[in-house]
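Right, one structure below, let's go through it.
Every chain is named by a letter (A, B, C, D, E and F) in the order it is written, and numbering of its residues begins at 1.
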Amino acid sequence: MSWQVHLPALVVSVPLLGAFISIAMVKPRLRNLWFATILVATTILAFLMWRYVAINGTLVYVMGGERWNLTLPSGMTLPIRIIMEVDAFGAFMALAGSIATLASGLFSVRFLDRVNDGNKFVALFFLLFAGMLGLEVTGDFFNFFVFLEIASVASFGLIAFWRDRPEAIEASFKYAVLSTFVALIFLIGVGILYGVYGTLNMAAIAKNMQVGFLEKLALVLFIVSLAMKSGAVPLHMWEPDAYGQAPAGVSCFLVVVGQASLYGMFRIAFSVYGQAFEGNVLAWVIIVLGLLSMFIGVIMAVIQKEAKRLMAYHCISQTGYMLMGIGLGLLALSSSQAMSEYGFTAMKGGIFHIINNAMYKGLLFLTAGSLFYATGTTNLNKLGGLARKMPYTTFMFAVAAAAIAGLPPFNGFVSKLLIYESSFVVHPFLAVVAMVTSILTLASFVKVFQSGFLGPSRDDLNNVREVPLSMVVGMMVLCVMIISLSMMPNWVLANLIEPAARDLVNQASYIQAVMGSGL
Amino acid sequence: MMDIAHIAILLMIVISAFFAIWFDNLLNAVISLCVMSLLISLEFYILQAPDVAIAEAGIGAGLTTAIYIMALKACRSSRWPGKGNDKNERS
Amino acid sequence: MINNIPMLTVGALFVIGLYGVLFKRNIIKIAIAVSIIESSTNLFLIVLGYRTGGSIPVYTLAGEFKKMVLPTPQALTLTAIVIGLATTALLLTLIMLLYKHYGTLDVHEIRRLRG
Amino acid sequence: MKGPRVIFLIFFVIFVGILCQGLYNIHPYGEPRVSAMDDYFINNAQSERAANNVVTSIVFDYRGFDTLGEAAVLFTAVMSVAALFRKEE
Amino acid sequence: MRPLSIVVRTICNIFAWFVAIFGAYVILHGHLTPGGGFQGGAIVATFIALLLVAHGGKSFLGWVKKEIFSSFEGAGLVAFVCVGFLGLSTTFLYNFLALKGGLFGSAVPIGPNAGVLNSSGTIALANIAVGLEVVGGLSAILIFMFLGMRYVSEGGKEGVKDDK
Amino acid sequence: MVLGTVYTGFGFWNVYAWVMFFALGALIVLFLRSTGRGDYEKGTYQDEVFYGGNPVPQDGEDLAVPASSSYWGFTKALSRFYDVLVSMHTGILSDYMGILVVTVAVISILILL
């Protein structure tokens, strides 16, 4: 037994320990060191976990059990302890999330000099990190709820961190009420499943699943609550407020936290319900949510004047791509022919889009943050001519904007291409909406680039200088990731995306990892 | 006999929850919420869950009420006279 | 016989709370309504685990052996209560700051972010 | 603002109706459908973990990780409140 | 908040200690009787609230620094995580003390009985750790909201000042 | 092979093809730029600026285009659509909650029936 089997527990408990100790770090230098150490350590742990899963297959870990893989104690047909279950999809999400978190953490180090109580920020940041990773490794419904609450409560505090700005408090309050309500209906769904099946483990419930009225009701509650947390369109109203008002490093982080909720939604739709849920209704609901998110998100983004608010609307529209890609996979789940025809391609596109979005959307928020750091505003009407003064930021922004718009040599195009072609098979309308969205995305980023970086330099921005080195390093991490993702799409598709998509589709192996071969 | 007491407690829970929403005076509403919490803790005891009953009585009825009253006191300051205090039109 | 009246109470509490969140204008009222929904979920979980004639799941106090109410929902509810306190405290903190900045508790006037 | 309110009220009634029907249908009061996991706890908690209080043995041992998360939520709330009421810069 | 009258303060002083002792009892007997870290912690936090109300914030914060509560909380949580890490030779949060003799390691007879206080392994340790954490956490919430009350109602740039 | 071609089942995607395509495009652009118009004269009608929705700047003034006038025609043409869409984002919490409840109800009707 190698020590690496403990990785699912370590990857959550190390940031938690970091958060608990960080309130004792009163010296700023020591605190910054601690911040960077724990961030790097957790990212390395997430990478090791991904590698372990890639080599050895699905990793199951029993919390507090007699042995780490003793899922069923003798004579029981149900698991009784909390079980962490990491398959290739979860490990992939954890890896992508931790890289984006590392970048936003490095970016935020200099930000900490400006606030009085930096170690509270550090503690909240680590807690949000732990919550996000916990969502991605857990295999237990109630534990999922607990991590959802950790992530939401930490993000309320982080969004309102500039407490002297009324808008920040307002955004945080709206998010808090919506999110608390949604977490409660998620808990009601968990209670319903517990009442019917007498267990809380996802795989055990999936094995015994007989879809009736109650199961459908629980499914509705799960889907709606997680769609709201990830910001799909009819429920997206909080997202531009929250992402626009949070500190920039936190906005970059909140993107990957939203994707963790998306992960939970796909996990429930594929691994818990899967083929037991007959009919295409669920798949079409997810696809329609995706279409609405794509279109309305981008069309609202075109008219925005605040850079971060505009990027937040783009975040909604990119979420739409993922929803549509994986929804198409869900549509093809019941027939293997459809799966090989378009479903698997669409899922590859959707999953590839998750890591792409984490990288370029994070980078865009970071550039907006450095604009704010340098000039004190993100209002595009008050900016202009910054290209000469902030060359690194301009370069990063150009790369990220090209990637998000899906300009060809960049990674955004690869995932979008996969989605276009597979959605065209189902119905041309889907592909048309996706393409129009892509064009409008390009248009709105041209607007940002033109009014923010190009044009004559303004008089009130004469003293602007490039941001400090640590911020540039934070942005550089994501920029390098974007360029390498664009340069070797083949390797990424073969080693990162395809195992994830295969594990997500394969419900039987998910169940078997916990319940043994009794399927 | 036990059943009647049980039903009476459940009914009182609903009534106090209703009053917590219905009262225009916020202090009355908070006290009503506190009463609801206490009754729910009693209900937990009837449903054979003393652990939860203690937690609900301590946290739900005690501390939650305390922080609600603190928030009320903060929002009733005289900085903006006549604004915000009991302004609670029913939709 | 009290046929599922506790479950109806859960439903009634949920309705009252959701009504308050939707149609009340005072933000402290909204926080109270969220607290009521929290109480209803707690009650729901406990009612889910009740077994007629069961005893307290504590051996020190159990009179009769091995006929106890289900203990897992109680553990879950314990967790949910503390989480509820945490979110309530944070909501009230945000409300206090909102009042400091906006000078009002009316939810219709707290709308600087729109469009 | 009259129009949206009426729509919300209608859908509110629909949602609550569906939810209440679901809650009513789970199982009759006092007769849980499946209790295998809980029976395991009741029968074995005392001999495996030497704790007389079954609920505590679930909270801190069988589902200990939940409790860690719950304590972390409380810590998060304290940190958030403290960060929002921090001293003036 | 102004302090209350001297009669109330004296009675609160006396009763608060009883409440605190009862809370400690509930925490320590968590594995035998209904109760545990959370419940006992909440009871002890009520004791803090009682003192805060009776004596007013100014004199109370003159006795106790609010950092003490935060450090209580952090210490409790670190102890809990460390209990988890100590079981890592088997699994995270493994109960490595139960039924081994030694600290909290004695067995209890099966069936309804009065119980042995020295039993249940890490459950008792985690109870104490969580009790410490909850006492610190809830008191810190109360105190910070108390300070925030003044921050909100006084406003201006003075804001939250330390009562040092 | 690390750097290679992605086959989607319908077509393919290769980085180098695109890089070469862009290089070619850049060459063409440079060529076109070198063959600029010879009859350009300063100060004639050719200098007039088309500037949607904004006052045309005087001679010698800097052209600082504010962001709110980008895509002026686009938003103008779609103004009725945008009015509906913007009025959905009222900023009132109760409305957001209402939309959430409506969505839950609609999805549950779709899935349950």
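Keep this in mind: a residue touches a chain if its C-beta (ideal position, glycine included) is under 8 Å from a C-beta of that chain, and two chains touch if they have at least 3 such contacts.
All of these numbers come straight from a predicted model, not from anything done at the bench.
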| item | value |
| --- | --- |
| Other chains in touch with both chain D and chain F | A, C |
| Between the pairs C-D and B-E, the one where more C-beta pairs touch | C-D |
| Remotest chain, chain F as reference, centres from CA atoms | E |
| Geometric centre: closest chain by C-alpha means | A |
| Whole-Å separation of chain centres (CA-atom averages), chain D against chain E | 22 |
| Separation of mean Cα positions, chain C and chain A [Å, integer] | 29 |
| Centre distance in Å when chain B and chain F are each reduced to the mean of their C-alpha atoms | 52 |
| Distance from the mean Cα position of chain C to that of chain B, given in whole angstrom | 11 |
| Shared-contact residues (touching 2 or more other chains) in chain F | 86, 89, 93, 97-98, 101-102, 104, 108, 112 |
| Touching two or more other chains - residues of chain C | 2, 5-6, 18-19, 21-25, 27, 30, 44, 47-50, 56-61, 68, 72, 74, 76, 78-79, 81-83, 85-87, 89-90, 92-97, 99, 110-113 |
| Residues of chain B engaged with two or more neighbouring chains | 50-51, 55, 59, 63, 67, 70-71, 74-75, 79, 91 |
| Which chain pairs touch, all of them | A-C, A-D, A-E, A-F, B-C, B-D, B-E, C-D, C-E, C-F, D-E, D-F |
| Residues on chain C engaged by chain D in the complex (per definition of touch) | 2-8, 10-11, 14-15, 18-19, 22-23, 44, 47-53, 57-60, 66, 68, 70-72, 74-76, 78-79, 82-83, 85-87, 89-90, 93-94, 97 |
| Residues of chain A defined as touching chain E within the complex | 6, 9-10, 13, 16-17, 20-21, 23-24, 61-68 |
| Residues of chain B defined as touching chain D within the complex | 51, 91 |
| In the complex with chain B, residue positions of chain E that touch it | 26, 34-36, 38-39, 42-43, 45-46, 49, 138, 141-142, 145-146, 148-149, 152-153, 155 |
| List of chain E residues in touch with chain A within their complex | 70-71, 74, 77-78, 81, 84-85, 87-88, 90-95 |
